[in-house]
Structure formats: structure tokens, C-alpha cells
Amino acid sequence: MALDKRAMIGARIAKEFEDGDYVNLGIGLPTEAANHIPEGIQVIFQSENGLLGAGPKPPEGQEDEDMINAGGGYITCIPGASFFDSATSFAIIRGGHIDATVLGALQVDQNGNLANWLIPGKMVPGMGGAMDLVTGAKKVIVAMEHCDKYGNAKILKQCSLPLTAKGKVNLIITDMAVIEVLPDGLYLREIAEELTIDDVVNATEADLIIPERVITF
Amino acid sequence: MVQVISATEAAAMVKPGSRIAIGGFLAVGAPETIIDAMVENENNNLHMIVIASDWENRGVGKLIVNRMVTSAQVSHMGTNKTIQAQMNAREIEIELIPQGTLMERVRAFGAGLGGILTPTGLGTIVEEGKQIISIEGVDYLLEPAIPSDFALIKAHKADKLGNLTYRKTARNSNPIMAMAGRITIAEVDEIVEIGELDPEEVITPGVFVNYLVLAKEN
Amino acid sequence: MALDKRAMIGARIAKEFEDGDYVNLGIGLPTEAANHIPEGIQVIFQSENGLLGAGPKPPEGQEDEDMINAGGGYITCIPGASFFDSATSFAIIRGGHIDATVLGALQVDQNGNLANWLIPGKMVPGMGGAMDLVTGAKKVIVAMEHCDKYGNAKILKQCSLPLTAKGKVNLIITDMAVIEVLPDGLYLREIAEELTIDDVVNATEADLIIPERVITF
Amino acid sequence: MVQVISATEAAAMVKPGSRIAIGGFLAVGAPETIIDAMVENENNNLHMIVIASDWENRGVGKLIVNRMVTSAQVSHMGTNKTIQAQMNAREIEIELIPQGTLMERVRAFGAGLGGILTPTGLGTIVEEGKQIISIEGVDYLLEPAIPSDFALIKAHKADKLGNLTYRKTARNSNPIMAMAGRITIAEVDEIVEIGELDPEEVITPGVFVNYLVLAKEN
């Protein structure tokens, strides 16, 4: 993905966080959000391998072998951090103590279903912590490119890939749009500058509900 | 993010009819300052989730003698004759729960689990009305999670993010109760700056804590 | 109970422990065992409120308000002790990590059933940790006077009081006898000095299996 | 009471066909010294319980590439193509388990529970073949405890009673795996005298630990 698209999505994700929120960012695109937290807002990042208060990558040469995030990358921790075991980590996640999780997606559908862990016949990486995160976080945000690399829609009427969790997605943030998932369907809330509502509708297989007010981001 | 409030503010938050999990074991590690404020505030019609009913003049015993508790899930009542008398007079409804089962049921709620399977209580009156589930030929009781609206706990130190440490056997049920409140209020001996607690020594991460109350001096 | 009887029972209980055993002693008579651990044997006592390595009572004036045992009495801890929360404490107990627990009894029967927590119509203290201890400990030892204060048998064909756990008792140590509970019944292993086997049989309602070899203790 | 043994002795203890829970997350906090000794010793036909299959040259990945593992309960295999190839060739049988569920199932065994009820996996292929239990109108999957014959873990310091501390994110699954082995062997960076660890800083009490192995220097 182009750098400006990543930054745009990251900045838009970051707006979802309130001061003091505990947030878990999935690997890849979601981590971009950490670079766009507004000044005056403190967000505490969880790493599900057992850390609250994950900080940025250490300077080269200062890596600590025992300090990694859930993606295996070296990290630091902020003042006020805490370490705990994996069962406690997932008690935090599944118990509804994380304010928001942001994950990538292969597909998401108009019932809030998410598929992001398995393409049958391809590599089987395993679900890792994704199923618990999507099941337990107070707010589940999907962050992804609106269409796949072939231009196919990823926001569907119904996911065709194996699900990560059923009916748990609250918000979809893409390079084209911000879509809220409510019990009666997908509400188009925001579109990217220079796009029309029709552009988004045409790139989306799912039915979109278009409210009177759709703003740009 | 945590907020520091007074014991009186904490007590006012706990509405009549609330389900409250309270930390401590025989009043050691009990949030006495908050309990005193609740007595003052006359919070009543409470459902209490505790290991023990403590003594009449210490710990949650004070809530009992002031008739503020109408039902309780509890493991041990041997040190408090008032709760026994109230039970016999049907003024309080008691569910007696084995201590280990009680801890797991409370933890389950905090951890987002629906319940656990335990062998404890099989073949005793504890199994009455409960589902028995067999795993690989071994029977277990299905024990559901115990929800609580508020967890009132006592810790030793807190930093301003709500990270907590405990002191000796005053730890007991507190870290478990802390996980399980929809709102968790921690009474602490001392509030320190962010960064003063070693990340390795934190027992309850701040994510579980909503409010801090400073304990009154003994 | 007379002091010498308590000491006799305590000393006999202590013989059941091996070097390095983790042991949980119930309140009352079982705690007497701690005074009789042979030299060269280290037993680590658990207090189920959250301590491994419970030590003796502190000298008067040196009590720590935050250091109590499961009976509410002030204690100390030994070098190598550890503190933990109550869920972990009962994970240790129920998970079979405690080598032996010693508990008092109201009644015990020839199927290894134990009743020690409730006399209907009397005070209801609650089971506390007793049910978990009897269910989870590797070895469950009942320590009690052989008969109640009216001289009635407490070792019965079948418990009449509400059970603490079903079929979990391994050994019964009283002022009169040491009785092993095996799947086919109660084996009289030892009798107190100056007693005859008939004395024990007459003080016991349950059927006792009398092996060829019964020693004195 | 714990015994200090060599990694070779530890490896020899783990018989072919054993169920082994191994601590670590993407090889951080993995007991590398014991794993190397197992490769040397050619322990095989193992059933492995791990969060992740790590890398071919780090952590449990070394057991995979040496074809010592015939079945595994695992949450993440994205960093190890060999295990994927072995799975596709039906040389290894894989049960994929959500990470939180895996940790609770392992903990359940260590804690003497028969299993737990979790919402995770409902409506996905994880629910296939599993019992769904409804508590107060909410559905949960019944997930049974996962037993293990051996737990092989990595801690930072141990005292001679087997009390353990961990270091930073190398803690991860280790304290949970430690609870759950019928025999638990802890590889540690340092063994200190009894009394050198503060009772408040002990994360895994020695009661869970049977053997200590000193880690080889990096």
C-alpha cells in the first residue's frame, strides 16, 4: 500500500481513541495508528504476549531479546507499563477490558462478520489471538484497503472465507471510506476526499446505507 | 484512565441493589475506608460477593450488622454470628460456595468466560441443581461466572495509571475481584507517580482499575 | 482434648510427611503436626489465603496485620516463601500440587467420605476451602479424636451429616488408631499403646479390616 | 522439592509419545537449552502444546524441522513453513486453538478444572464438534482442559525451592505452562539461594516446579 494511504488510514483510526484508552493493534496496517495519536491524548497499547504500555521500536543496537510485541518485533515499554502472563493477557482481552482493537481483514460483511485468518488451500497461519480480540474488545475496528489487489470488493454481503468471529465488527476504516456496522446494516459515514459516494458504493459488494450526512475525511 | 476519588464519592457510586465483589480474607486486605463510607452513606439492598463475612466490627461484617446486605455469595461465615442470625431469620439470602470455586467463578466473569468445570462439590449438597458434565469419563460440576457491578478492593501501592501492588497475605482475593468488577474501585495505602512501580512488580495492571481511593490512616 | 493426646496425634501425622512435601493443615488439631516435623525433614506449609512457606506465630508485639493464616491467626513466613492470590492458591490445591492436607472431621465413613463442615440446625460456618482441599490434595488425612465427647463413634458405616467430599479420605489418624482407607474398606494399621484391637473395633461403627500385622504407635 | 539436573537429563526424561507443553512466544521465553538437548537426544513422536511453532532455527521450530513432533495443539504457525508443509503432507496432526482459549485450557488442567466456557470461536470452525452451553441466555463453547505429561519452561531466576521469576515479555505462557505439567522442568538463567527472592516477586511458586536446568550461556 502506498505510504500516503497507510498514513491516511492510520490517522483516521487514531481519531477513534479517547484519552486513557487501552488499545490492541493487530500486526501490519493497524500499527500505523500508533504514529498518529493526537497530542494530549494518551493511549496505552497492549501487546497480547503479555504487556500493557508497549512503546516504540528501540534504537538500533539497543534491542532487548526479551522485549517483543505480538508480531515478534523488538519494542520498548513506557513508564507505567506492566508485564503479565498470557492467560491474564487474554483475560484482559476476552473480559472486555480493552477499549478498542484494530485488525486487518481479508473480508468483512454486512452482518459484522470478519474473516482474517485463513484462506483454505493456502498457508494456515493459525488464528493466534485474533478470535479472542474480536470477541472480547469493546470496539472492533477493521482497517484495510477497500478492495484487494485485483480490485475485488472485500466488504461483502456475506463472507465466503472462514470467519474469525461472528457479528463483532463495529467500524470499518479503509482508504475509501469509514463505515459503521449497526444491527440493521452498514452505514457509510465518511468518504475519502476526491471520491464520490458512488465510487464507494461501486467498490463495495455489501449493501450500504447512505445517511443524509456523509462527510469527507 | 483512573480517577482518584474520596471514599464518600466511592460509596455514593455504589447504588442500592448493586452486586458488589469485595476483596479481603477475614478482614485482612479489606477496603475498610470504603466500607466505612458505605456504612455512613447507608447503601443498602446490596448483593455481596466475598470469601468470608469477617467480624461484626471489621471488614464486610460492618455491612452485615448495619443490615445493608440482602444476599451474599460467600464461602465462610464462621466468624460472624450476625450473618448466621440474619440467615436463620431469612433476612439475608446466602449461597455458600467452596472457596476455590468462588474464586474461579469470579475470575471467569473478569476473564470473559461463561463458567468453569470443577470436581469440587461433587457428591455434596453443592451439586444440587447444577449440571454435571463428563470430560473423558470424569465428572465435573458446571459452575457459572459470577458477575459484579462493582469490585471494591484493597491494594498497597497504586500508580496514577491504576497499576497495583499488594502486601503479603493482604493480596488474597483482591487481584481476582479487581478483574471482575464492571467498575473497580481500589483503596490503596499510597499513590505514586507513573514510572515509580517496576513493570515486573505490578500484580494488577491498571486496565482493570477505574477509581482509586486513598486509605485513611490507621 | 488432653495435651498429650494432641501431641500424640500431631507426632503421628508428622510421620506422614516426606522431605520437601507441600502440606496444608486445617485449623485446630491438624496444626499440631507442625510442632512435630522430624529434624532433617523440610515441609513447606501452605496457607490457602495465599502463602507457601508459612512459618510460626511471631513473638508478641511483632505481629504484622497483613500476615495471617487461613484461621486468621498471625504468622510469619520462612525464607523461600511466596505470596499469591486466592485463585492461584486454589489452583495449587485443586490441581493436585499439594502433597497432603490434614483436616478435622465430624464424621468419616468406610467409603472414604468426609463430613466436617455442617451440622444442620446448628451454626453454618460455610465450607471455606475444605471441599477444594479434600478434592484436590494428593493425600487426604483426617485427624480427630476417635469418638465424640459423648463417646459416640465418628468413624461410621455411612456419614449421616452433609459431606465435604465423596470418597477422598486416604488416612484416618486418631488418639486410638491409624486407619488406612482403601477401595475395599478401612484397614486398621496401627493402634495406640496400651490399647487392644478390640478397644478400637468397639469404638468404631464402621467395619474394620484387621490385617495380620497391626503395630502400635 | 526441586532437583537441579542437566539439559541432557531433562531431555532423557521426556519419553517418546509424551505430551509436552512448552513455554514461549515466537521463541522469546523458550527453553532453548532443553530443546537443543531434546534434538540431540532424538526424543520423538511428541505431542506438543505451544502458543506458536516459532522459527525453523529457534524455539520449538527446531523440534519440528527434526521431525520429532507428530501432533500439536497450537495457536499460531505463521512463522514456520516446515510445520505447514508437514501438516499438508499429513505428517503432523494439528489442532488450531485460539490463543486465549489455549491458555485457559492449559491453566484449567494445572488448576484441576475440567474445562472452561468461552465465547471465543462461536460461529467459526472452532466450534465444530464442540458442545455449546447457554448461561443466562448467552452461548459459550465448552473447551476441555489440556493435560500435559511434561511442561518445559523458561524462567529468569530460580531459588533452590524452585520459586521462579521471569523477565519482561519472556514471561508470556511460561507461568501457565508451569502449572500444567505433571512434571515441570524450568530452564533458568540463574539459580540463587533460598531467601534471595522476595516472596512478593515470585511469579511461579516452587510447588509447581520439579526440576531446574541451567540455561547455557548465549
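Letters A, B, C and D name the chains as they come in the text, with residue numbers starting at 1 for each one.
Keep in mind that, in the parts below, a residue touches a chain if its C-beta (ideal position, glycine included) is under 8 Å from a C-beta of that chain, and two chains touch if they have at least 3 such contacts.
It should be emphasised that the depicted structure is a prediction, and the values quoted were computed from it without experimental measurement.
Two chain pairs are in question, C-D and A-D; the one with more C-beta pairs in contact is A-D. Separating the centre of chain A from that of chain C, both taken as means of CA atoms, is a distance of 55 Å. Distance from the chain C centre to the chain D centre is 34 Å, each centre being the mean of its Cα atoms. In whole angstrom, the spacing between the mean C-alpha positions of chain B and chain D is 32. Inter-chain centre distance (chain A to chain D, centres taken as mean C-alpha positions): 29 Å. For chain C, the set of residues that touch two or more other chains comprises 51, 77, 83-84, 87, 90-91, 93-94, 135-136.
For chain D, residues touching at least two other chains, in rising order: 104, 107, 111-113, 118-119, 166-168, 199-200. Pairs of chains that satisfy the touch definition comprise A-B, A-D, B-C, B-D, C-D. Interface residues of chain D, counted against chain B in their complex, comprise 104, 108, 111-119, 133, 135-136, 138, 140, 142, 144-145, 165-168, 199-201.
Across the complex, chain A is touched by residues 1, 107, 109-113, 159-161, 163, 179, 194-195, 197, 199-200, 202, 205-208 of chain B. Against chain A, the residues of chain D that register as touching in their complex are 25-26, 28-29, 51-52, 74-79, 81, 84, 87, 94, 96, 98-101, 103-104, 106-107, 118-126, 166-176, 203. On the chain C side of its complex with chain D, the touching residues are 19-20, 22, 42, 44, 46, 51-53, 77, 79-84, 87-88, 90-98, 135-136. The touching residues of chain C, when paired with chain B in their complex, are 47-51, 64-70, 72, 77, 83-87, 89-91, 93-94, 113, 123-132, 135-136, 162-167.
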